[in-house]
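Per-chain residue numbering starts at 1, and chain names A, B, C and D are given in the order in which the chains are listed.
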Amino acid sequence: MLAYIGRRAVLAIFTVWAISVLAFVIIQLPPGDYVTSYIAQMASMGSVVTDEEAQNLRIQYGLGQPIYVQYLKWMRLIAQGNFGMSMEWRRPVTEVIGERLWLTVVVSVAALTLTWVLALPIGIYSAVRQYSAGDYLATFVGFIGLAVPNFLLALVLLYLGFVLFNAHIGGLFSPEFSDAPWSGARVWDLLKHLPIPAVILGLAGTAQQIRIMRANLLDELRKPYVVTARSKGLPESRVITKYPVRVALNPFASTIGYTLPYIVSGSIIVSLVLGLPTVGPLLLKALIAQDMFLAGTIVLLLGVMTVIGTLVSDILLVWIDPRIRLEET
Amino acid sequence: MMGDVVPSSSASSSREALLSVRNLKTYFPQDEGLVKAVDGVSFDLYPGVTLGVVGESGCGKSVTARSILRIVDRPGRIVEGEIQFRRPGTNGGGGQVVDLAKLAPNGPEIRSIRGAEIALIFQEPMSSFSPVHSVGNQIIEAIRLHQPVGRREARAKTIEMLRRVGVSSPEQRVDQLAYQLSGGLRQRAMIAMALSCQPTLLIADEPTTALDVTTQTQILELMRQLQQEDGMAIMLITHDLGVVAEMATDVAVMYLGRVVEQGPVDAIFHAPRHPYTQALLRSIPRIRSRSRERLTPIAGSVPHPYDRPTGCPFHPRCTDFMAGTCDRQEPTLRPVGDQHAVSCFLYR
Amino acid sequence: MTKLGRTLRIRTLRSRLTAALVVGALIGVIAAGALAQSAGKSALIGKLEGPEVVTDSAKFPKTLKEAPQLAALVKAGKLPPVSERVGQDPLVIKPLHEIGKYGGTWRGGFTGPADFWNGYRCCSGPDHLMFWDYTGDKVMPNLARGLEMQDGGRAWLLHLRRGMKWSDGKPFTADDFVFWFEDIYRNKDLIPTPSAAMAINGKQGVIEKVDTHTVRFKFPEPYFMLPDVLAGSTDLGGQWSAYRGMGGFAPAHYLKQFHPKYVGEAELDRKVKEAKFDSWVRMFLAKNDWALNPELPVLSPWKTMTPINTPTWTLERNPYSVFVDTAGNQLPYIDRVVLTLAENLEVINLRAIAGEYDFQQRHIELGKLPVFIENQARGGYKVYLDPGDYGGDMIIKFNLNYDADPEIAKWFNTADFRRALALGIDRDQINETFWLGTGTPSSVVPADSNKYNPGPQYRKMWATLDVKKANEMLDQIGLAKKDAQGYRLRSDGKGRLRIEIMTLGGQFVQFTQIAEMIREQWKKIGIDLTVQEVERSLALKRTAANEQQLGAWNNDGSEHLFTFPLHVFPFELAAVASSGPLYVKWFHSAGAQGKEPEPRMRELMEKWKKAFGVPEKERIQLGKDIWKIAAEDVFIIGVIGMGPASMGVRVVKNNMGNIPSRQYNSPDGKTPGISRPATFFYKK
Amino acid sequence: MAEQGPIPAADATKQRIFVASQWQLTWWRFRKHRVAVASALVVAGFYLAVLGADFLAYADPDASEAQRSLMPPQRVYWFDGWRFRPHVYAVKGVRDQQSFRRVYRADPDQKIPIRFFAEGFEYRFLGVIPTTRHLIGVDGGLDATKTIFLLGTDVQGRDLWSRLMYGTRISLTIGLFGVTVSLLLGVVLGGISGFYGGMIDTVIQRTIEILRSIPTIPLWMGLAAALPREWSVLQVYFAITIIISLLGWTELARVVRGRFLSMREEDFVVSARLVGCTQMRTIFVHMVPSFMSHIIAATTLALPAMIISETALSFLGLGLRPPAISWGVLLQHAQNVQTVAISPWLMLPAVPVIIAVMAFNFLGDGLRDAADPYT
C-alpha cells in the first residue's frame, strides 16, 4: 500500500514538473509580452509609452531574456516559496490569487456535490431499468446540462435572478462582504450566492457521471454474487444497493480525479460571466495581459490540483476496493 | 397431458413429495426469437433424497433451478406450470404446500423461502461472493435475514457453520474476502452460507465443476455428510454422470428443456432407455468408475434454442431416428418400468 | 434537410422561441412601469451645465465648515482646525444647484488594476494646476492660484495657494515642483524619454523655484499653450500620470525615502527586497501611484484607502482638501467612494441596471440604453446622455504611408479616392443601428460649439451618402473597370481592388460590426473591403510596422486638438490606428527620419506646431484652418460624431444632488471630473 | 462418435445468428435502441442542412439594413381565408424615442406571400450548380419592409435564419474535421501504446495524464492566441479545428488502448503476428477493424465536445471571428444583457447546438451499447 502511494507520488511530482514547463511555454506562446500589451492598453487610453520607456520596463521586468532563463528564474522564486510579482496587479502573485483559489475550490466542490447528488440515483435507476422510458428520460435530463452552452445559461440565469428575485448581480459576495474578514455572516452570504454557479457547473458534469455509473452498474448487475444475494431472500432494493451499487461505486470514485479539474476548468468561463471572484477571470485577464508569473502560477496550481485529485482518487480507489489493495500491496 | 409421472425411488415413496414440478415452462423472449429454456419439465423430489439432474450445458438445468427459486433473470419468465413446494410445518407435522410459480417473484413469501427453506449453491464459487464484503458478513446477513438473532450470535453461528463445513480456523476466515480463500474453501463457505438456515431443499448447480479433482471429492463428501446430518433433500445439477452416480438416488436426464428420462440411479445407469441417455452413458468408458473425465460430446451439437426441431427434440441427432414419427409428433414421458419413465417413441 | 425535417425543426425552434418570448413579456411588464414613469420626461440629452470656480476673492466664504467626522477629530485634537488645513487661499467652487449635505457612500464599479482612469476621473478633483470650466473651453486656475505669463510666453509664473497642504498635513510648496523636475523627471532611470509637454518645438524647458509659493516654468521659445497643457490630460496634468513619473509635482517629503539620491544603496535594496519588487524604479513608481499607494500624500478631494489592486477600491475624503463650496463647506460632501471589482463589462452594466451603483458613467454601453431606460424606475436612477464634442465616435484612418502594395498606396494618397469612399458610407444606417439614432453623421470636425470649429458647412463635407457621385469620382480617377461581381479592378491589372480595415473588438464602439456594415455599403461603389478584427497589442504592432491599410477608431480628445492631436494627424507611433507612421517619425525628428508628408498634411502639421507659440486668438484661427484641411482632404473619414458611445451614457441615482443634465464629455475634461464630483451629494 | 447419426445442416436462422459479422450484430442491436435511431435521423438532417445551407437560407447572411434592426421573428400565416397561401405581414419599424427600442408593427393589409423554390441571391448548389433558387423566399427582395424573417434579425438587421444555416455548415464541419484529426491521433497513439506496451506505453500515458491535468481553457488560449492573427478566416478555421482536436484525442486514445490491451493476446492477432505481418499491418489490418464499431461510438461521443468547444472558444474571442459565421459566433453576439432583455430570439442558435449535442450523444451511446452492451 505505502509502496504504491509512494510510487504514485513520485509520478505525480514528475507530472507537476512537466505541467510547470508546459504552463510556462503556453504563456510564452502568444506574440509579444506584458510590456507590449501594457503599451497597447496605454495607447488605447490615449497615453503614450515611448520605445525607451518600453525598453526600461522590459529590463525591469526581466523580460526579453530567453525563455529557459526566465523559467529557471521563476523556478528559483517558487523554490523560495515566492511565486513572483504580478506585473499587472503590481502585487505578489500569492496575494493576488489569495482566497480566490479557495473560492474556486468551494464553487467546484459545490458543483461536484450537486453532480453526484444528481448522477448517482439517476445512474442507478437507468441501469436497473435499462431501456425503460425512465432510463431515457433520466439520460435526457442528464444530457441537457451537457448540451446547453453554459456561458449563455449563466447570463440568462443572472438576468432572471435580477428580474424575478431581485438577486444581487453576480459575484460570490454582496458588496459589503466582498473583502470583509471571514465570519458566519460572510459564509452565509457566500452560500446564498453559490446555487447559480453550482447548478450551471454541476449540470455540465452530470451527464458524464450518469454514463459512468450506469455502465459500471450494468456490468455488476450481471455478476453471480447478485444471484447469490437474491437466493438468500434479500429484498431486491437491498440486493441492488448493498452489492452491485457498492462495487460499481469504486470506479466511480476514481472519476473525482478528473471531474474536479474538469469542473474547475469549466468554471473559468462561467466565473467570467457570473463575475465570480475565482481564479478563472483572473487567469483570463492574466493571459490576455501576458502577466506571465500570475498566469503561470494559476495554470500550475490548477494542474497541481488535478494531479492531487487524481492521486487522491487513485488512493481512495485502492482503499475502498480490496481487490486492488491486494494486488497492489 | 404429461401429468402422470411415476413416483420415484422406493426409499421415499411412502412420504409426500417435498417438491413436485409439473409441466414447468420458462421462456426467454429475445429479439432473435423466443428461447424455450425450460419447456415442460416435470419431476418430484422427496425429503432427504438426492435428485441428480443431468444434461449437456444449455439443456435448461440451471434455468429450472432458478425457476424454482423464482430468480430467473429478465427477460425470462415462467409462462406455465406448477412448482408445488411443501413448507416445513411449524411443529414437525407436514406444513402447507405452496405453488412457487404463483408467487410474486420478489414478494415477501418467496423471499421467506429463499435461503431459509430452499438454498442455492452454484458453479463459480469465486464470483458468487461479493468481492468487497467479507465472507462472514455475507453469511451473517443470510442468518439474520431469516432468524431472530443478534449480530454477535449470528457471527458465532457463522463461525460454527464454517467449522462444520471444514474451514480451518474459521475465526480468522470469517473476516476474509472471497478471493483470499482457495477455490475449495470458497465452495465450503458457499455451502456454509447455504445451509446456515437448515434449508429442507438444497439446490446445487454444478457445485464442483470449477474445482480440481481432489477438492471435488471432498466437497461431495461434505455434502453427503451434511445431508445425513440435516436430512435435507438435494437437487444436484451437473453434466458429470460420475458425480451423479456417486451422489444421486434418482436421476432426471434433460435435453432441450425437457426431461427425457427419469428413474432410480441404478435403472438409469444399467438400463438406460432413451437414445440420448444411452449416448450420454456410452461416452463414459467404465460406468461407476471414479474417473472424472468430462463427457465427450455426442455427435452433432445441441440445436440452438431459437429453433427447437419439430417432434422429438433429439431426432436430428438420434441413432434410432424413425422418419415420419420422431420428426412429426412430440413424445411424452411414459412409465417403462418400476419408477422409471422415458419420453421416446421406441417404447410404445 | 427534408421538408418534413425542416418544418419539424422550425417547430422546435418556435417552442424555444415562445419560451424566450415569455421572458420578453416579463420584461415588458416591468418596462411598462418604467415607461409610465419616464413618460413626459424630456429627451435624455439636456443642456450643458456645471459648477464654476470662483476666482473673485471678494466672493470667498468668510468662515469654513467641515464634515461632522472631521469636526469630531478636531475636537479630539487629532486634527488641526479646518481653516489651518485648507489654508488662506481655498479653491472655491460654486455648486451647480445648491449647497449640499455631508455624508454617504458613492458606489460604483471598476474592472481591475488597468482601470485607474475610472477612479481618477471621478475622484481626483481634478487635481490639475489649471483646469477647464464646465464648457471645456476656458482654462481656469485650479490647484494653482494663478498662472502669469512673462517674457512673451517664454516663462510662466505659477502661483501656489498659501497654506495648502498634502493629505498628510505637510505643506504643498515650490519644493515639490523642484523635486519632481530634478529628481524624477530628469532621472534617466525613471524617465528615459523627456515629455513633449515640457518642450516647445522639441526644445525642453525647466522648472525653478521662485519662492515657497511661486514656481517658474521657463522655455527657450514662447509656449503659449502651457495653460491648456496644464489643464489637459497631459504629462503635466496632475498626479494621475505620477505612476509613470509624470505630473509636474510630487510629494518630495514622502518620496525621498524611496529615491537613491536620498537613501543609501544598501538601504534602498533592502526596501526593494522587502516589498518584493524587481527594481527600485518599479518600487518608486508604485509608491508614487495615486491609485495604488494609500500612503502617498495627495491633493485630491478623496484619497485611496484600499488600493486599486484589491477587490474593492475605496477612497475617503481628504481632510486637507483645498476644495470648498461658496458657503465655506470643505468639499467633498460625500464621505467615501467604493468601487467594487466587476470581472466583466456585462456584470458592471447589469449591476448598474439593477441600481447597485449610485453614479456610473465609465463602461456603460450605449447598446444597452433601452434596458437602462426600462429599469429606471425600478433601479431608482435616471439615464443621461453626454454626447462628446469631438467629431468622431468612429473614424476611419487611411494609412497614407502604406507601401506594401503600391497600387493601394497610390489610391490612399489620392484625395478623391478618400472622398469617394467617405461618400460611400450610409451614416444614417450606422447611426440608427449602433447609436440608436443618438449620434450625428459627421466629418471629423468637432462640435459647432467648439472654439476650433471651422463653421457649419464642414459638418457634412464629404460626409453624406452620395453613391452616384462616389461612383463618378472613382470612375474618373481611373478605377472605372469592374469585375463580374461589380467590384472595381486594380489599375495594375492585378485583379480586384481589395482593401482591408483593421478593427478592435470589445471597445465602447462596436468597430468590427460597423465595419461589416460599411463593407456592405461599399459594395454599391464597387469597393471590396475586408474586415480584420485584431486584438489590441497586435493592432499596435501592425500600425507601428506600417502594415495597416485602414484603421477604425474614434477621435475623442480631438476637441482639444492641440493638447490631444493624435487623431488629427499622425502624431504617435503607438496608436491603435494611424494615418502614417512614417509621418510621425518625420514630425518628431524635425524631418531627419521618416517620410515627408504630402503638402496639405505638412501644412496641417506646421499650423499645429505654430499654434503653441502664438497667443490664443491666432491659435484659434490656426485650429479652424487645421480642421478645414482635415475635412477637405479627408485624411480621416468621419463616420458618426457628437455621440454618447464612448463613456457618454450616465446612470445616476435619483437621490444625488448637483447632477448636471448634460456634461462636457472628453478625456481632457476627465468627465465627470469636469462636473466636480466633490460637489455631488445625497439629498436623503 | 462423429460418424454417428445424420446431422442436418443448421438452418437459416441459426446461420444468421452464428455467422453474423460483428457489423450485423451491432446493427441489429443498434436498431432496437429507438432513441439512437431517431438521433441518427436528426444528425443526418443536420448534415443535409450543411450541404444545402445556401438553399435553405433565403437571404444573404451579410445583408444588413438599419430599418429592420432587431426585428422579432415574424409569424407565418399558412392560410389566406380558406386557401392555403402561406404569407407574412409587411412590417414597419421605428425607433421609439421614449424607450429607444425599435418597434415594429405588422400591417395586416399588406400580405407578403411566401413562395417555395423562390428566386433569391445567387449561389452554387453543393458548390457546383450555380442557381438562384431557394427553398422559400418572398418577392420583396431587400426592401426593408417587404421581406420575411422566420427567426427575426440581429442588430445589423441580418436575417437570423439564414445566418443560422451558414453557421450550421461551419460548426458541424469543424466538429467533423476536429474529430477526424483526433481520431487519427487517438487510434495511432492509443494503438501503439496498447500494442507495444512497456516504455512507449508509459510515455504516452504520462503525456495523456499531463494534457488532462492542464485546464483546457488556458491551453486553448495559449494555442489560439499563438495563431498569427493576420491569418485569413479560413486558415483560422482550420487552425482552431486542429487545436480543438489536439486536446480531444486523449479520450479516444484511452479507449483504443484499452481495446488493444484486451486484444493483444487474442488468437487471431497472435496468428497474424506468426504469419509475419508487420506490426503496423497487424494493428491496422487486423486489430483496428475488429473494434471499428467502438471507435465510431467513441468518435460520435467526441463530436459534441467539439461543438461545445467551438462555441466556448468563440465566447472567449479566440474562436472563429466575423465575418465568419458559426454557432459560436452567433452565440457570442447573443452574449449580452440587451439580448436577454429585449431580443431573446438572438439566443435561438443555442437550440441547434443543444439538439445536435444531444443527438450525437444518444447516437454515440446507442452505437456503443450496440458495439458491446457491457460498456
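The rule is short, and it goes like this: a residue touches a chain if its C-beta (ideal position, glycine included) is under 8 Å from a C-beta of that chain, and two chains touch if they have at least 3 such contacts.
This structure is a prediction, so every number in the text was calculated from the model and none was measured.
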* To do: Could you say which chain's mean Cα position falls nearest to the mean Cα position of the entire protein shown?
  => A
* So which one's got more C-beta contacts, A-C or A-B? -> A-C
* Asked: Using CA atom averages as chain centres, what separation in Å is found between chain A and chain B?
  -> 55
* Using CA atom averages as chain centres, what separation in Å is found between chain A and chain C? -> 40
* Chain centre separation (chain B, chain C; CA means) in Å -> 93
* Multi-partner residues of chain A (each touching 2 or more other chains) -> 31, 155-156, 159, 273
* Can you list the residues of chain B that touch 2 or more other chains? -> none
* Asked: Using the touch rule from the top of the page, what residues of chain C touch 2 or more other chains?
  -> 23, 27, 346, 350, 353, 535, 538
* To do: Would you mind writing out the residues of chain A in touch with chain D in their complex?
  => 11, 14-15, 18-19, 22-23, 25-27, 29-31, 131, 136, 139-140, 143-144, 146-149, 151-152, 155-156, 159, 207, 211, 215, 218-219, 222, 258, 261, 264-265, 268-269, 273, 280, 283-284, 287, 295, 298-299, 302-303, 306-307, 310
* Asked: Okay, in this complex, where on chain D does chain A touch?
  -> 33, 35, 206, 209-210, 212-219, 221-223, 225-226, 304, 308, 311-312, 315-316, 331, 334-337, 340-341, 347, 350, 353-355, 357-358, 361-362, 365, 373-375
* For chain C, which residues count as touching chain D in their complex? -> 1-2, 5-6, 9-10, 12-13, 16-17, 20-21, 23-24, 27, 31, 35, 38-39, 43, 346, 349-350, 353, 367-371, 373-374, 428-430, 432-434, 436-438, 505-506, 512-513, 516-517, 519-520, 531-535, 538, 542, 547
* To do: Note which residues of chain B are touching chain A in the complex, please.
  => 66, 69, 71, 106, 110-116, 119-120, 122-124, 127-133, 138, 141-142, 145-146, 177, 179-180, 190, 193
* Structure fact -> The answer for chain C against chain A in the complex is residues 23, 26-27, 30, 107, 112-114, 117, 189, 192-193, 233, 241, 244, 276-279, 281-282, 286, 289, 292, 306, 309-312, 338, 340-344, 346-347, 350-351, 353-354, 356, 504, 507, 535-541, 557, 564, 566, 572-576, 667
